Each structure stands twice: as C-alpha cells, then as structure tokens.
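Okay, so chain A shows up in both of these, paired with chain B first and chain C after.
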Partner chain A sequence: MTTLSRRGLMAAAATLPVLWRVEDAIAQGVQPKRGGTLTTIVNPEPPVLHIGVNNQAPTLIVGGKMFQGLLRYDAQLKPLPELAKSWEVSADGLEYTFHLQENVKFHDGKPMTSEDVVFSIMKFHMEVSPRARGVFARIKEGVAVNPTTAKFVLSEPFEPFLLMFDVTVSAIVPKHLFEGQDFRQAPAVARPVGTGPFKFAEWQRGNFIKLERFDEYWKPGQPYLDAIIYRVVPDSQSRRLALESGQVILTQSNDIEPFDVPQMRARPNLEVKTTGWEYMGPLMWVEFNHRVKPLDDVRVRRALTMAVNRDFIAQRLWFGIGKPATGPFNSSTRFYDASAKAPGFDVNAAKALLDEAGLKPNAQGVRFTIKHMSLPYGEVFTRLGEFLRQAFRQVGVDLQLESVDVGTWSQRTANWDFDTTINYLYQYGDPTLGVERSYVSTNIKKILFSNVSGYANPQVDELFAKGRDAADPKVRQEAFSAVQKILVSDVPLLWLMEMSFPTIYDKKLNNVITTGAGVHASFDDVFLA
Partner chain B sequence: MELSRLPAYLAGRLVKAAIVILAIVVCNFFLIHAAPGDPASIIAGQSGSADARFLEQLRAQFGLDQPLYVQLWMYLKGVLTLDLGFSHRQQASVAALVWDRLPATLLLTGAAFIFAIVLGVTMGALAARRVGTWWDSIITVLALAFYATPLFWVGLMLVLLFSVTLEWLPSFGMMSVGVEMSGIGKVLDVGKHLLLPALTLGLFYVAVYARLSRATMLEVADQDFVKTARAKGVPEGRILRRHILRNAMLPVITFAGIQAGQLIGGSILVETVFAWPGIGRLAFEALLARDYQVLMGVFFCTSVMVVLFNLITDLLYAVVDPRVEVS
Partner chain C sequence: MKTFWRNFARNRGAVVGLVILVLVLIVALTAPWIFPGSPWDMAGAPFAPPGEDGMLLGTDSLGRDVAAGIAHGARVSLLVGAVSTVVSLVIGIGLGAIAGYLGGWVDDVVMRFTEFFQTIPSFVLAILLVAIFTPTIQSIVFAIAVVSWPPVARVVRAEFLSLRSREFVQASEVLGKSRISIVLGDILPNALSPIVVLSSLMVASAILLESALSFLGLGDPNMMSWGFLIGSGRSVIRMAWWMSVFPGIAIFLTVLSLNLVGEGLSDALNPRLPRNRGGKP
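The block that comes next holds the complex of A and B.
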C-alpha cells in the first residue's frame, strides 16, 4: 500500500507543473498549425457508424467528428454556438428559436438549412433514438421559418430543453438522404454524411476507420488536421503499448484501464486529463434489488452504504479518475445539493444498524448471504466486486461474486434477476434527463436503465414530477434539493463514484478537451504542434 | 491407391460431410439461442437508454419476434442456397463480413502453420539424429517451454521486446494506415506486421511437431529395415530422408490435419492481442454481441474447413504411405 500511494503522489507531483505549462501555452496563443494525421483508438469497434442509428460511446466519439449539433456545452453546461450561431427562448418558456450559421454544407456539397434541422429533430431522432424521443415528444410544432431560422414550440414548458442539442443527442442529418426511407437501413447509414469538419473516408472492419478533412467546412481555415485514423485494438494491454510506443497519440474513454493510468501519468511526453465528461456526468452505484430480502430494509441498505469506503474506490481502484459520490446526483449535474449526503464510512455504526435490523451473525460471523453480479465492462469492475466482498465481509455480510458476459448481464439486470450488481448511468447534466429514471416508481420496468431496483416512494415521484414540469429554475432547485434529502435517507442504491474517463494524449496535440463533452467534440480546432 | 475407386469414395465422403455440416448448423443454432440475452437487449444496454418501443423495433427488424422454429427454417433455407444471411447489428451481409476477414486469418494461420511444420519437424529430426547429446537436450527443453507457455503471454513478451524496447516491429494491426506505399513496400509492411503474431501462434505447434517427430523418428530408427539399409551401406543422410522421415510422417500428418482444421477459428487470442483483423475476432465479438447470424456464418465456414481438411488428410495418408488404401 505504501508503495502504491507513494507512486501515486510522485505521479501527481510530476503532472502538476506540466499541466500548468500547456494551459499557459494555450493562453499565450500557440499558433495553430495546419496538417498532420491524428492516429488514435476506437474501442470497442462500433457495429454502425451513424450517430443516432447507433448511440454507443464509440459511435458518438467517431460520429462527433462527422456530425454536429446545434449547440455545444462548456464544462459548466452553458450552451455555446455550433450550427446555431444564436438562439432565443420566449418569456413563457414555450418557443425556442435557433438562428443557424450561414454557408454550412453537408459532405455531399448540399447546403444545410433549417429544413434539415427540423427533419433531424422532429423525424429522424424521434424515430431512432429512445432518449431523444422522450424529450422531443414534448414539441408541439417544429417550423423552418426561413432557411437559416428554425423554431420549436413546446406543448408545456420544459426547462432542460436547451441541453438536448449536443451532437451526441441530436446531430443534424441531411434530410435529402433520409426522407422517405427506412432511417436504419438507408444507404447514408453505411456512408455517413454530416456537416462536421471530417468526412467519412474508409472503414476496414476489425482494422481501422479513416476520416478525412472536409475542405468545404464552414469555419474558415479549419479543421487543422488532414485526417483522423481510429485503429481498432481490442486488448487493453495492446492499447497501452500502442500509446506508450507512440503508434497512437490519443486514447479516450475505456481505452486504458484505470490501473495503467499512473504509469501513463509518469511519462513525460503524455498528458492525462479526466475532464470533458461533465456533459455526460456518469454516476456509478451498487444496484440493490429491493425485492430480495433483506435489501428491502432501509437499515440494511444504510448499513451496507456505511460499510464501503468510497474514497478507497476512487483513489485505489480508479487511481483518482473520478470522485467519491456523495449522493444520487453527480456534482456536475444541475441542482446538485452538496448538503444532502449519503451516510459515510463507519463500520461500527453499520454493524449496530444490522443488529438493530435483527440480523445477528451466525457462528461463522455471517449475518446473511447475497449475490453480486460483476459488471462485464473490464477488469476494474471485477476488482471492484472483490473489494465490495471484503468490505461487506467486515460487517458480517457474505457477498458471492458471479461473473457474466455482457449479454447475460443485460438480460438479467433488465429482468430484475439479480441481488446486487454494479451499474453506471449518464445523468446528461439535468436530473429530469438522467436521474429521475432510476428512482420514480412509474419507471419500474423490465428494461435496462429503468428503475430496476424497484424502489418506490410517492413523495419522490411527486418531487421529480414537480422538478420536471416547473419552468422556474428556483422551483426546480427546491424540488430537487428536497428529493436529494429523501434519497440519501432512503439509500435506494449504494452510490459509489462520480465517474470520469482518462483522455491521454501526446503533448504535441493541442485543444483536445475544450468542452464539457470532451473527446465527443468535432476536433475542428485540434492541431499538432 | 486404385484410382478407379476414388470417385465413388469421394462421393460417399461428400454426402456424409453434407449431413455432418447440416447437423452442426442445427446444433449451433440451438446452442447460440440458448445463451442468455439477445442482440436487441445488448444494443439497448450499449446505448445507455432504451424504451419498450426501441426494443420492439429492433426485435422486429432482426426477425427475433418470430417463433424459434421459423427462424431456424429461414436460416436453413438460406444456408442451402449458400446465403449466410444478414447482420442487422452491423448492417452488412454475413458473407461480406466473413469474406472481408477471411484473408487476414488465412494469412496469419497459414504463415504460422508453415513456420510450425518446417521448424518443428527440423527440430525433431535434429534431436532424433543426435539423441542423447546436448543438441537433443536443448531442443527438448525449448519444445517443453513453447508447449507450456500461454500464448497471450508469449505475445505480450515478444511485443515488449521487439516493439517497445527494440522498436523493430509494430505491436498491432495488419498494415500501416495512412501511409502511401508501393507494391513491394506494402508486402514488406504486412510482413513486418505478420512476424510477431505468426511467431506467437506458431510456437505452440512447433513444440508439438518437434516432440511428435522426434518420438516417432526414434521409434522408426530402431526398426529392422533401417538396420538393413545401414548394413547395405546407404549413406546416413539418405537413410534419414528416405527411410526414417517418410515413415515417421504419418502422425505428423494426422496432427497437421487437425491443426489445418483449426486454421480459421483457432486464433482468437492472437488476433485479439495483436489487433489482427481476422475472423476469430469477428466470431468472438459476434458471440459477445449475440450477433447470431454472423456467429453461425463463421461456424459454418469453420465446419466446412474441418470436414474438408479431414478429407485431404485421409487422401494424403494414401499418397505418403502406399500401404494405406482409400475405402
């Protein structure tokens, strides 16, 4: 343990001054340079490259270079112009008007107009993407006022509406290539055509995806890079070697295992950043199945929460990539209330609570036995399961680990066929968009990412509904503060960590992370010094 | 071998092969569908959000809303007309997906196969010739080490040495991407990429062939006809080639037949470690994603290969050893 922490400290000490230097350099205005190819990794290889038709993380990262949304968001989730250069919201919060950039072209040379915007929002994403559908169903009317103005009228106010226009949610697609066809099987799905700075060039399955500079891109002089090549490298150790040996100069998302990150931090030519996930705001937790006794007892759930040292998980399993969770909201999610805190690490109090719940230890010191289905998304989750077994064992709870593959995990979690498992969900910056779904009783469904734990509290339902429908942010804050206080007392789930993912790149690469969506951005400003 | 009996023999074998392959297809179908989870739920899981309509749409599109026997019938009808189906997950025909990946795998496994046989038999012959000397000891120890070391570890160590430390060879992929190259440059580039994975894949088989050929050669070397040859003054090298090696080849051919059958499916691990864009990885990823059509397509190709190589092996016996007859 001492060696570990010392190594971590050294790595941290080594990174700090470097971080400053690069930031300073950008502030001092290092001149962007044209040219060069960025070679990076895509993992896992996506089945389909068209954003919207497929919404897996790798598709969104690669697709984010070929497509664009109306808006982008900074790390505080403030909207920034992208395809929309400005926008207005009417006083009653019902009408949203977007003024589009001029001279924007699709990769096939056709101009992008408000017709494409209305089509993308009202037809395309409504049809293919369940997440967009959930929100865009509130739009009463979408109008192309003139070629550069699009207006959306809501049937009732929806305050988080402006958060829905990132490329990862509602990319603008060409109407002329999709209208009248099956959106999932149109030829444009195999050869994506967007407005982004890079256009699709070649995809050799199992090998690489190549994107080329789009010469008619609407920002003058951009993009700076000639091409981006995404290599498919399925093994995590091979990915690490590829980065170390300079065969790729950027890795993102799950490419590098957390336990390999300290060594990457120690390399002088590499930069490690964990920012750029604020827009997604993932939160990880232990999913309790409330239908399994004694997990229905709030005292048991509180005790298990107190048995887990969340700092240890963030520092020793994830090596500082992520922060210990304090409750049901990621601290980057809007309306996060720092005063609502889940019970802290306290083994003795946990034991006392379990005694109080009538769960006395037997001769072997075991109070009860439950199963834990490991999340099959990499080595680190297996280690997390092992850590939880030790932690629960300390308070007399025997956790039995089960290993499953992705298909089995998806099916059993969706069918409530588990005692405990790990899950992490994006919160998309707003409690209505990404938190509510895990707690309200109306969303107890046999579908992934619904309220699979089976937690039900009428007060919670009511407060989430109030926060969702209120037009006034102040009213929403009140409702969401109240709901956070109830949730940290009910502990329906064991919140573990506000997740992030390491973006690691060669220092000659500039402007990699500039927004709250990090590597999903268009990279039109990325350049090789 | 009586050539006149060959056509009838071949016809009989082919009919049997067709029945075996059909049985394999049906077994595979049920095995795959018995695995928990389906492609729709996996796509939903990977997309981070889902609703009932989304799952319904996907299942209808994939044909999963049909009863299982209908799905099996549709698939069998396809296979009988040599149509391996369509992967809705990847929006591509299975035949195209498999054909795209097949050359890479054949190149890798073929190179490993040749490397293993040539080096393995040479090592075995050398050890048998100098049995009991330090040559023999070194070869035996080496073979044991190759035999006992896990593939992925060998791969990683080779990468560590040749790619990271020495920087001689690339650590992953099949070719350099984004570099313009002439014909010969391209061949050399692929060759450089091929070296480490082929070595990794081949080492295990080198060990097998070395031990196998050493043992059988020692056995044959003790037999009377070898002593006779030696007594009548045949030179040692000729004895080794004409009398011993040829007679010792039968077990080696048997094993080579088995290895050849695995040429398609047997390299998942190496393809993964070296990011080689082959068919083993295609199958493995299809398995994890429950991409039924692709998985069954790869299984189909693999079983055809195995049956084919069994047939070739049987014919080869007859060529190498005239005492063996086809019947």
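The block that comes next holds the complex of A and C.
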C-alpha cells in the first residue's frame, strides 16, 4: 500500500523528478534532444478535445498534452509537483494549500494564477464532470490567497483528496475564457487553451489532430518535441501496419489488439510497456446477479471462482497484458491487502462445494444452467465467454452465451437483466474513489457501473464508510483490510484480471511512461534520440 | 431413374461433387464418434500447429481442436443450410404458385412484394434481422430463409405461368378437380426440376451466408460452425494460419460440391439437352 504523507510534503523534491529523469537519461548515454515530430494514433476519434467537457480516454490522452493538473502521480500513486510546486495539508486534514509554479502562462499568453485554479476546481469541474463533483462537493471554500497560493477548505476530512488533482480529473482551465459562459459551449472548448507543453494547432476531422510546441512553456528548454500529430485510424489492422511501417512511432490504450502484441514484442525496434495504468487501476470481473438463483448462494459463487484458471486468462487470452486478480482491489490501488486472496483454481474443491450446496449433476452432468451476456468490446471478450463456459462446464455448470451489442449490454446491465456478464471499472487509485461503488448496498441502483450485482452486506457498508470518513491512513488501512477479507470470503463478484493496456513505441522515443497515468502525461520530457 | 443416373454421371464434375458431398455428410454424421466430447473443450495447448500435440489440424487460441471443430461444425453448417433452404422453398413455392396460377392482380401484388425483398441487399437484410432477433440458431435460419426465397418464387411463378395453360391442366380443370389438387397434383410435379437444381445451389449459398454471419460475430455463440472457426482465427491468422485455412477449405469444398451437384442435376433433369450423341434419339 501507499500512504500520502499528511503534511509538509514539500519543496525539496519539487524540481527533482524532471532533473532526475534528464540525469538518468544522460547516465544511459542519451542526451535529451530538441526537435522532431511525434506521430501517433488516437482511437476512436474524440468528440471534443477539452478535458472535463469530455472525459473519455481519447480526449484525456490528447488533452493531457495541452492541459495540466496541479499534481502528477508516480506508479505508487505518490503525488508529484506539476502546476503546484509544493502543498501542505493542515493537521486536522481539512485545509489543503497549494503553492503554484511561477511564470506559468496559458497558450493565449495570459498568466495562470490561483484565480484560475480556484475557478477550475470550484466552478468548471464541479459543473462539467460528475466524478469530480462527487468529491469537490466536500469543499466548503476555495480561496485564492495570493496569485501563487490557492487554498481549499473541506467540510469534513477526506483522505484521498490529494489524488484528485491529476490532469485527467481536474485540469486547470483559463478563467478568463470561461467565466460567465456556458462551459460546454464556450469558444475555448473548440480551441482548447491550457498551460501544457503543447498547444492546439489543427484538427481535420476524421484525419488528424495536430499539437504544436508551446514556446512559452514554464519549464525552461522544454518540451523537446516540435509537434505531436494524432492520426485517426479506425481499423485495428491498419493501426498495426502503421506502427510496423514506422508511419506512427507510438500506440496506446486499445490501439493494438492483445493478440497482435506478441509480434510487436518480437520486433527489435519497438518497446512494449504495460505500465502506466496504475493511476486508473482497472479491474475486470464476472458480474454475478445475486437475484438469480443459485448465484445468491455464497458456496456457488466460491465454487465458480475456483473453477476459473485466472492465469490462463491473463497469459493466453490477453497475452500477458494484465495480471490475474487476487481480490476486489487492483494491487496498484491504495490499501490493497495482499493477504486477502479470493479462492484459487481448484476444480475438485469446486465440485465438492457445489455438491454441498445441494446442486447434484443430472444425467448429462449438468448441475444448473445460467446465462452469460458477453461484453461486446471486441473479440477477446467473446473468447473469454467461451473460456468461462468450458471452465464452468468442468464443474457441471452449463453457461449459455448470449451475444449483444453495446447498447443492449449497457441497458440490460443497468437494469439488472442478466445472470452473469463481464465488466471492468477503473479504481482511480483509492478504494473510496473507485472500489466502494461496486459493493455498498446504498449504491444498488439501476445505473451502469453502480452495484448492479445487488450484493448487500451491512458490515461491508460500514467498513467502506469508515474508510471513507477516516482522516488517518492507518484507520483507513484497517477498515479496507477488513473489507477485503470479508469480500474475498463472500465473493460477490468473480474477479478475473488487473487490466492494463499496451503502450508500444519506437525505441528512439524516450520518457514515454514516467508516471502512474502513462500516456495521459504532458510529454514535456519526451524526446526523440 | 436409371436414365437419370446415367445422365447425371455423364457430368464428371457432378460425380466428383457428389462424392465430396457424401464424404462431408459422413463426417458430419460420425462427428460425435470420431471426436467424442464437445468441440469447445480445451483439448491441448493453445496455438499448437497441425500435427503437433496429437492434433491433426492444430489447436486454436484456447487450445480447442480445430479438426473436432470442423467435424462438429459440418453438422451445424449443413443443418443450417438444409433447414433454411426448406423454409425458403416453402415460402418461395407457396407464393410463386399462388402468383403463377391465379395471375391477374394477385400475381401483381405477390410479385411487387417479392421485388420489395429482391431490391434490399440480401446480406445486409440478414445481418439486420439477426441483430434485431439476437443471434441464435433459429434467428439465423429465419434470416437466411427470408433473404433467399425470392428467386424461388420467381422461378416457380414462371413455371406455373407456362404450365397452367397446357392441355393436361385444362383437362384436369374440365374434370372438375379442385384448384389445390391441380396445383399440387398436376402442375407442381412438372415444375420440380428447376426447383431441385435451384435448391442445391441455395443450400450452398445458405452455408456461405451462415459462415459470413458467424465470421462477423453474428453466429449462435453456443454453436460451433465453420464461419465461427474462420472468424475466431482471422485475428491471429499471421500467428496461426491453420485456424482459418482448414475451415475455409471445408467451406470451399462443400460449396463447390453443392454447385457441381446442382449443375449435374440441371443437366440430368433438362430434357432439351442433346444426349446419346450419334446414337438413337
């Protein structure tokens, strides 16, 4: 687990990460070099480029170059300085003070001040982003103390508060271009203006998005690249060819299908990384509908969990991009407890447990039949459904597959109209931010990504509430360790895999993944050797 | 019957086609004995090339035996081909017979209705129908039948139009036979030969349609068919060619044999083709 130190996590380290990485590169014999254009891919084409107005992956990846948050996070989710060079948290955990970098300018030449920070957090993201609103609603007061100091006072302590300042959650936007306007319709949405190392240059719909170097960027000498071009390539095989032929030198997210990754790994000029998703921490599971018999029986859910070889899924279906899940927390999520493990792969124990539950096999060896709605996100999920059918069949459970389209899947999952299906959710680094929603009974709603399985356990509710409201990380750890122990014994869901996505790039490109948010970072330190 | 066989055998290709078709049928019928167990079972290591690991045609991405998949897939593909052809024959013959025999405004109405279906691209319509009714074996058979009956209706109507004014039909009418018994007893038997030829080609196109649907992921997810095998192998074709190539060969041979047999039938059933060249008339 990782803990955010409560106070005075301060200045000394402020400029270090950048210097360190440059030093590191020099030590490896690579001198950062100015110049060159990075050509990469964005897929699917985002509807708008302004972070906040749209929060889907493509917008966040492209927007992450034009905007910046107050903080960044390393792979252990430790906050690093970005627009804030240092910050303090008061002893009672209620006051957060951010000291901003000097001489930061927006792309239109106007300086970035604490007014912009307070506006972005208190007004902009509060209005446009539901996820930010959920947390920032706890802010009682946001004050611009002086041009380089912003202070937020919470109404009650909220320990994961410091995780909310990544560019993907709360990018700093220019107050002067939004105030008094409809945030979603303002001209700045079509031509984004941020503080990032790259500014918006051109967007030919269906073709490419071009970002240019921002010469007045606040880090001296950076960025190293002259421009970044995001090409729109809707077909996965064309994306692969573009990467192989060198037309693009970086792919990310879902650009390259898992089954194509082994060949990319084999190419000597390409580097394949699966890190850089720790801040998102996606976890995939089989959703059980607890309203469907016999899935309400914990013995049945345990047996089904034991019937599935999770290593096979990570290694054979996802070709090693992702790790077998051990429980309800992604191991990169804070307060992950490695000692709480879901039942392992054991076919005989699974059969014994089903016998014990009174589900005897009939003449065809079938104990019961349930349906499985495949997740319509591409072929690998179809294979996963077929794999689960065979795995369950081995313990005498007949799984009938249903194929549906994305709309039907969303609608039926949200309306609890399924027996089992596959789902994956981001955990956003903290159990309160991204895990709680799937298990607490207060979130049993007919809404996608709520607790659609219908699992309810008063103890779990209580522990999640305790972990949410406690200001002390130790108390939170206790609560979340306890909740993990209960969850792995109740197995409300069948956790399958800690997902990741391959980032593949030409080896002449440096510093692509340096934080826990990977390709969402600003790329001010990326250079072509 | 004997002359029919002699005429059929005159077409070498047709005989070859028939042999292949019979072999495919045998494989389909004996699949549960040659490859006991489910074709979905993960029988070996994933991506084993042909011949390795005791797998004649290799294994797929989950370690499923491709040979078992092809044998069991033959059952599904042939079944879908046959059933959907029967369904579309029933629709097509029914409508074609009504239009051709009754003529007049009934003919007009039925033919406009047929044209309505003919003008919609059949594959697109099939995709749409399967997507609406969710992919199951029933919805696939239904979709294929719905898009393939119009040619039958047109052929049957044409046959009926020409046959209904023949003397033997008029004789039956004079004898006071009911319309239904005239249609079923007098006209239909004489219109059968083009229908037989057409239906063998329809089975072939139905197999292709089902394969194409499965290839696009619109197959019944609980049924192993040839199209599914190709579709699931397509994405890894550079890594495991055998996953797509062998089912492809199976489809190719089956469709080819059905076409050859259809041509043979057409020759054998066509009284106007010159036969007994140089011999007695």
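To be clear about the criterion, the second predicted complex is superposed on the first by the 501 of 529 C-alpha atoms of A that agree within 3 Å, B and C clash if a C-alpha of one lies under 4 Å from a C-alpha of the other, contacts with A are read in each partner's own complex, and residues count from 1 in each chain.
Assume contacts are C-beta pairs under 8 Å (C-beta built on N, C-alpha and C of every residue); 3 or more make two chains touch, one makes a residue touch a chain.
Since the structure is predicted, the reported quantities are computational estimates derived from the model, not experimental observations.
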{"item": "Residue contacts with chain A in the superposition, chain B compared against chain C", "value": "B"}
{"item": "Which superposed partner A:379 touches (first chain B, second chain C, both, neither)", "value": "second"}
{"item": "Touching partner for A:33 - first (chain B), second (chain C), both, neither", "value": "neither"}
{"item": "Which superposed partner A:78 touches (first chain B, second chain C, both, neither)", "value": "neither"}
{"item": "Touching partner for A:234 - first (chain B), second (chain C), both, neither", "value": "first"}
{"item": "Touching partner for A:341 - first (chain B), second (chain C), both, neither", "value": "neither"}
{"item": "Which superposed partner A:405 touches (first chain B, second chain C, both, neither)", "value": "both"}
{"item": "Which superposed partner A:447 touches (first chain B, second chain C, both, neither)", "value": "first"}
{"item": "Which superposed partner A:259 touches (first chain B, second chain C, both, neither)", "value": "second"}
{"item": "First (chain B), second (chain C), both or neither touched by A:131", "value": "first"}
{"item": "Footprint overlap on chain A, comparing chain B with chain C", "value": "405"}
{"item": "Chain A to chain B touching residues, read off their complex", "value": "37, 39, 44-45, 47-48, 54-57, 129-131, 133-134, 184-185, 189-190, 204-208, 210, 227, 229, 231-235, 237-238, 241-242, 244-245, 247, 405-414, 425-426, 445, 447-449"}
{"item": "Touching residues on chain C, where the partner in the complex is chain A", "value": "38, 40-42, 46, 61-63, 131, 134-135, 217-218, 221-222, 232, 235-236, 238-239"}
{"item": "Sites on chain A touched by chain C in the complex", "value": "257, 259-260, 262-263, 316-317, 374, 379, 382-383, 385-387, 389-390, 393, 400-405"}
{"item": "Residue ranges of chain B touching chain A (in the complex, touch as defined)", "value": "35-38, 41-55, 61, 87, 89-92, 97, 100-101, 104, 156, 159-160, 163-164, 167, 170-174, 177-178, 272-275, 277-278, 281-282, 285, 288-291"}
